[in-house]
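Next up: some structures, all given as structure tokens.
In what follows, chain A forms one complex with chain B and a second complex with chain C.
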Partner chain A sequence: MRVIETILAVIIIVIAFSFTNIMATSPKSPSYEPSDLERLGYDALYNLDRQEILAKFVYSSNFSLLKSALMVCLPTDVNFNLTIFDVDKDGKLQKEGSITYGDNTLFETSNFVSTVTYILAGSGTEYDPRILVLMLVRR
Partner chain B sequence: MNPVYDHIIAILVVGAIFVWAVALMPNVNLVNLKTVEQQQDRNIALNVFNNMLLDTGYPQDWGSCMIDFNSSAVKRFGLASASESSLYKLDPDKVQRLNKNNPLGYLKYDEARALLNLTDYEFCLRIIPPFNVTNENGTKIDDTHTPLIFADPPTNSVLRYTIKVTYLDGSPIPNALVEGYVFYSKNKDFDLRPVQNTTTNALGICSEQMTLTLQNPDYVIVVLKITVAEVATILLTMGKDASIYVADINMVGDTIILTKAKNPSNEDVKINEVYVYTSNGTLFSLYNGTNQDHFNTGSGQHMLWDKTFDGLKYRDPVALIFDFEAVTDRRREVIVAGPYRDILSYNIFDYGGNIGNAKSAVKIQRSVAIAGLIYTAELWLWKGYS
Partner chain C sequence: MGKTIKRLAKNRKLKNNVQGQFVIIAVLLIAIMMIALSVVMFSTVTYYKPESWSEYVSLVDNLKVAAQNVLQIELANYTKNLSEKDIINRDSFNLTLNEFANDTRIAFPSYGLDMSFTKETTLVTVGNYTRPIYDFAKCYWNYPESLSGVYAKVWFNLSKIGIYGYNTSVLLYLYARVDTSYIQQSPSQISSLNLTVLRENGLPVVDLTEANFKVLRFDPTIKDWTTLNVSDIDQTTAGTYSLIFSTPVEKPYYKWLVITIRDNRGIYVNLLTYNYIEFKVERATFPGSRTTSADEIYTIESGIDGHWFWNGKELQVTSEGKDLVLPPFPPLPIKQVRVNVTETGVTGPFVTAPCQYEVWEKITWHNTQVDVPKGLAEPTASLNASHRIVFQVKFPTLDISQQAVRIYWLDDLDAEPYQGPSDLTYDPATFTASTNKYRVEFIGVGHTMSPAYPYDYYGAATLLMMNPSSGLCFGPWNLHAFGKYSSSLAAWRPYGQWQIKYWYGNSSDRAVVRLIAILNSTQVQNVYNPSNPRSDYYDTYAIAFITANVKYLQLSVRVYWKQSKTDYGIWFASVMGNGGPTNYAFLNYTTNSVATYTYNYNNPQHREYTYPGYWAAHWNNQFGRGLILNEAGVQSLRSINASRTRFSVTESAPLGARQGSMEYEAVNCGGTAYTTYAGLNYNYIFAMWMYSGGGYTEVNNYYYMFRESYAPKIILPGG
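Take a look at the complex of A and B:
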């Protein structure tokens, strides 16, 4: 009888331990990845903006050079998709262009896609905003 | 059943289950423990990287407040520029203090680790250029593998360079703009001229030749600025490195300092002229030497000569070219270039521990600007103590 009691007691203790382990949901480590990519993407756009490269290519619609500039500023294992929107008189967004580096399907299949929104106020003194949406994913 | 046997069996069963639990429970917890540990490492890496790139450290100008560097004066570690309000702009003087070949002193890895409170961790900071510039065959450009050759031996008045420009993944970059200057000397004569602007072909290769006014020059230095989509890197290459027996060029803040050469030749040297090549590709004459600007390479102090030029650092100089007049048995012109050859160039710069020692490491990357040029800064952090 004591054997059965002991086994039952132990089973209850083991189940309790296992339950707490299963229910303890610590955040998955890779969930840090999107925020890290966001910072990386923002830094790249910010540095290009500081060097007056970003506005030059965006306002002249020179998207091939913009793609090259982003390629050299971002690590080689990062794929990106940049969409540029113009804001019309009614405040609506009009897509002006888009550039992609890497496999487009990765943006649909990956669980860790980061998105950075960067706003350019204008070129020179004229207010002519463009909204840049940069999506990043690691290969 | 006899109660004694009942107790014995119960004890055995409890013992067996205890042993099983001791063996199994840590494994059940291991995944959670590893996840927590990874998160901890990532958080530490993020904090350390933010301290490195966004903090100026203390003193705020610790890279340039003392010419002969004393690492014990550094109370807090950070590489951000104190004179700039924008983020991720690093101070070239501080970055140079991470270079163990800096003749004016550097911050040792263990000291940096102590300043960052990384007692149980090791790190490696890498500064990576935006793209690769190599010899045509893909080999690294250095003193023994130079892209310069004379196209018309034995006259040697037509100099040709051939370089290859690739993305960091190895794919070629077409239409990269290559511009720059060539400096050369022969006996008592010195000359410099711009290199014809050219672009790389579909294979990322570009070759250009230039006719020199002096035949068979003794010393040749070529400074090239390679630009891909307005993002530039600087290549400084030479036929023969004269700095090893004349002087090393250093820059701390606005002060240029010449230090003793690695293999001094015991020559009387006069500074004729100093040129500055900036990160935006302009060349200007900084200084014309006077009779006071003399030193001897073989005797005297470690610091052979120094001069402060107000506002020099603000102009983002990436190469200083010295035209020396050296005299042993005869007078001759010697040209030497510096100072950022180990760091701010086409090379990857590493500071810290050996990544190969890490079982598992956290890697974080950021885009940074140093002296007007864009780089990728990469931090590797792992548990361990060397």
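Take a look at the complex of A and C:
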């Protein structure tokens, strides 16, 4: 009788371990991809901002230099699309311009598109916020 | 017994069966616990992995940087406004920071972001220099060490991801120091200036060029500040700059330089190589038979353009050195200015002297250029040639002939105008100004009659004098009058409304040294037979100074006749007594002697005495009043017809009440009628001296200080 009980107990524990093992399966590695891209994108914008380059290019609408700066900061296999919005007096976003590097269709077709939002307060002595939306995708 | 054995056997059987079930139950429980633990671990792991922690960190970083940028922008704007327009505007901080908080919600709508800024206080210390930063931004300028700084705490709530109350402090500043050691070395000229420029955490500011500096020097030829050309700049060590001037600055003008620095963030800081101006005031009165000079207190106006004034006279300025060099007042907000004086001679300690800031203007009044006060200065206005700093200098004992004065300025740009204790008050409801020594009610248009004096003046302007301690109303001090109405004297008097200058702008900050009352009248009124005021007599420009802490008030009067009129008597002053005084006296201009008289109220008359001089007085045993005329005033008095000048008294009022006046007549009313002419004009300054009566000695002792010949001198340190 006790032998049977012991066998039953072992079976229960094995089932419990199996269940736990099955349920605790980690997400597959590709799901980290957007998070990494976000980090890359944010770091790029943050570094450009700290170097006082970002505001300079954005407020002077020097988008070609801004594109070059982002290309330097991001890995070569990362495509990006940066859209710059002005916040009007009613608090509505007005598109001021955009920059694209790489194939635009990738942003529609890829499953792993990351988006970073970054706010700039102003330039020089004027509070004049811009909201930058940077979309990133790996080729 | 048999039953008992059977029950024991049954229990034993049961016990054996329960032992097996317990193992299963225990194992099941352990399994459930393991599964539950696994589920918790699983939840934790699966929650952490898809949650974008790096994204949140990035967001917070971005908000911190953006908040810092907003504060930097605001500090740049704030200091720019201060530097260029002398405007302090902190409202912009609240507006912009709120706008920024709203904009962040628009930029990051899915985080439940709530951002706010709070004012905090911190100390910025650079070497021995320490200043607090609070109220968002502070500027400590116009010293050899200056600072502009902003400090705030930034708060975030990100409710969608469970972050509440996250906060971080932002401190930004620009500090600069100018090396003034060359002033002690006293070279003949300098061609460079050394400066140290630091930012937050004491980091050197290393990216400045010539364009970031502006240096002003005072140019004595144009009496204004001019920009020095900085031809080169040399950064000797990180943050330490040597500015090279294309034209050297000569001694002593290199003592007085203004340096403005704008860093590449747009933050300004303003430095001066000096923070005070010192000079001496030397009195010209003499001890004579006096035993004290406790009340010899001068109310001096210090003009910004190197001119000083007392009682309407520009003071003589001399130098202790070879050359007379006027130290220039720097272009800073006038409210920063304070005054220290000595009270025991030039070697004595400095004490704070009440001061106020006035604006004066040169007007053309009937083709004559006249300096008149416009009122109290706009406190934030930058010091300029129209400003006068007014303060008092005392000579309390006879052995003191000089006192030192230091006009200095505060470096905190939020400083309010000087508002120390003062016995001067003004009540607009009763039109009454008071000091500890006297009370003055301004009678004129808008307030024609006082409850304390039973005569309506129908818009004629006068000063109703009262004793603040007893409340006794002496009656009016009439500024000027012409002619008689029937037997009533001094009929035609200036008509108009007093303009009172007591407050700084619309603020509650008030004059602490003196109240200014201005009467600019083009009409006259017959106080005995009122009708519409007449415009065909004379114009009057009168300025009364109701001064704190002294026994005198001053009245400056200008009269210009527009048409010829014939009547009896021209009065420069008629001061009523309301039956109070018992005796009177005056200084004879010709003999320089004094005669004393007693009012005869039993046989009231208008009594006239020839050759009035610099003063007259009337008194009883409780109070006395002196009327002191300046030298120009005596000459004006005598300019119309010297033989008809009179000191006079009138012992009864029109309805027969006791009066006891004292009067100065340029043309006596007791003689023939006098015909004025268009263009006749004169001016005079009276001081009324309020004392405790019992005689005239006090007036005779102090009247010299109101005479131009005995006006104090200003002595500047050597160049």
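Please note the rule applied: the second predicted complex is superposed on the first by the 113 of 139 C-alpha atoms of A that agree within 3 Å, B and C clash if a C-alpha of one lies under 4 Å from a C-alpha of the other, contacts with A are read in each partner's own complex, and residues count from 1 in each chain.
The working rule: a contact is a pair of C-beta atoms (placed from the backbone, for glycine too) under 8 Å apart; a residue touches a chain by one contact, two chains touch by 3 or more.
Here the structure is a predicted model, which is why all the values come from computation and not from measurement.
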item	value
Which superposed partner A:E108 touches (first chain B, second chain C, both, neither)	neither
Partner chain(s) touched by A:I7 [first = chain B, second = chain C, both, neither]	first
Which of chain B and chain C A:S18 touches, first, second, both or neither	first
First, second, both or neither for A:R50, with chain B first and chain C second	both
First (chain B), second (chain C), both or neither touched by A:L40	first
Which of chain B and chain C A:S68 touches, first, second, both or neither	first
Shared contact residues on chain A - chain B and chain C	1-2, 5-6, 17, 24, 26-27, 39, 43, 46, 50
Residues of chain C defined as touching chain A within the complex	20, 23-24, 27-28, 30-31, 34-35, 38-39, 41-42, 45-46, 49-50, 52, 54-55, 58-59, 61-63, 65-67, 69-70, 73-74, 76-77, 80, 96, 99-100, 102-104, 106-108, 266
Interface residues, chain A side, partner chain C - complex	1-2, 5-6, 8-9, 12-13, 15-17, 19-20, 23-24, 26-27, 31, 35, 38-39, 42-43, 45-46, 49-50, 55, 87, 91, 93, 116-122, 124-127, 129, 131
Chain B - residues contacting chain A, complex	6-7, 9-10, 13-14, 17, 21, 25, 28-29, 32, 35-36, 38-39, 42, 46, 86-89, 130-131, 167-169, 173, 228-231, 364-369, 372, 374, 376, 378
For the chain A and chain B complex, residues of the former touching the latter	1-3, 5-7, 10, 14, 17-18, 21, 24, 26-29, 32, 36, 39-40, 43-44, 46-48, 50-51, 53, 56-57, 65-69, 71-76
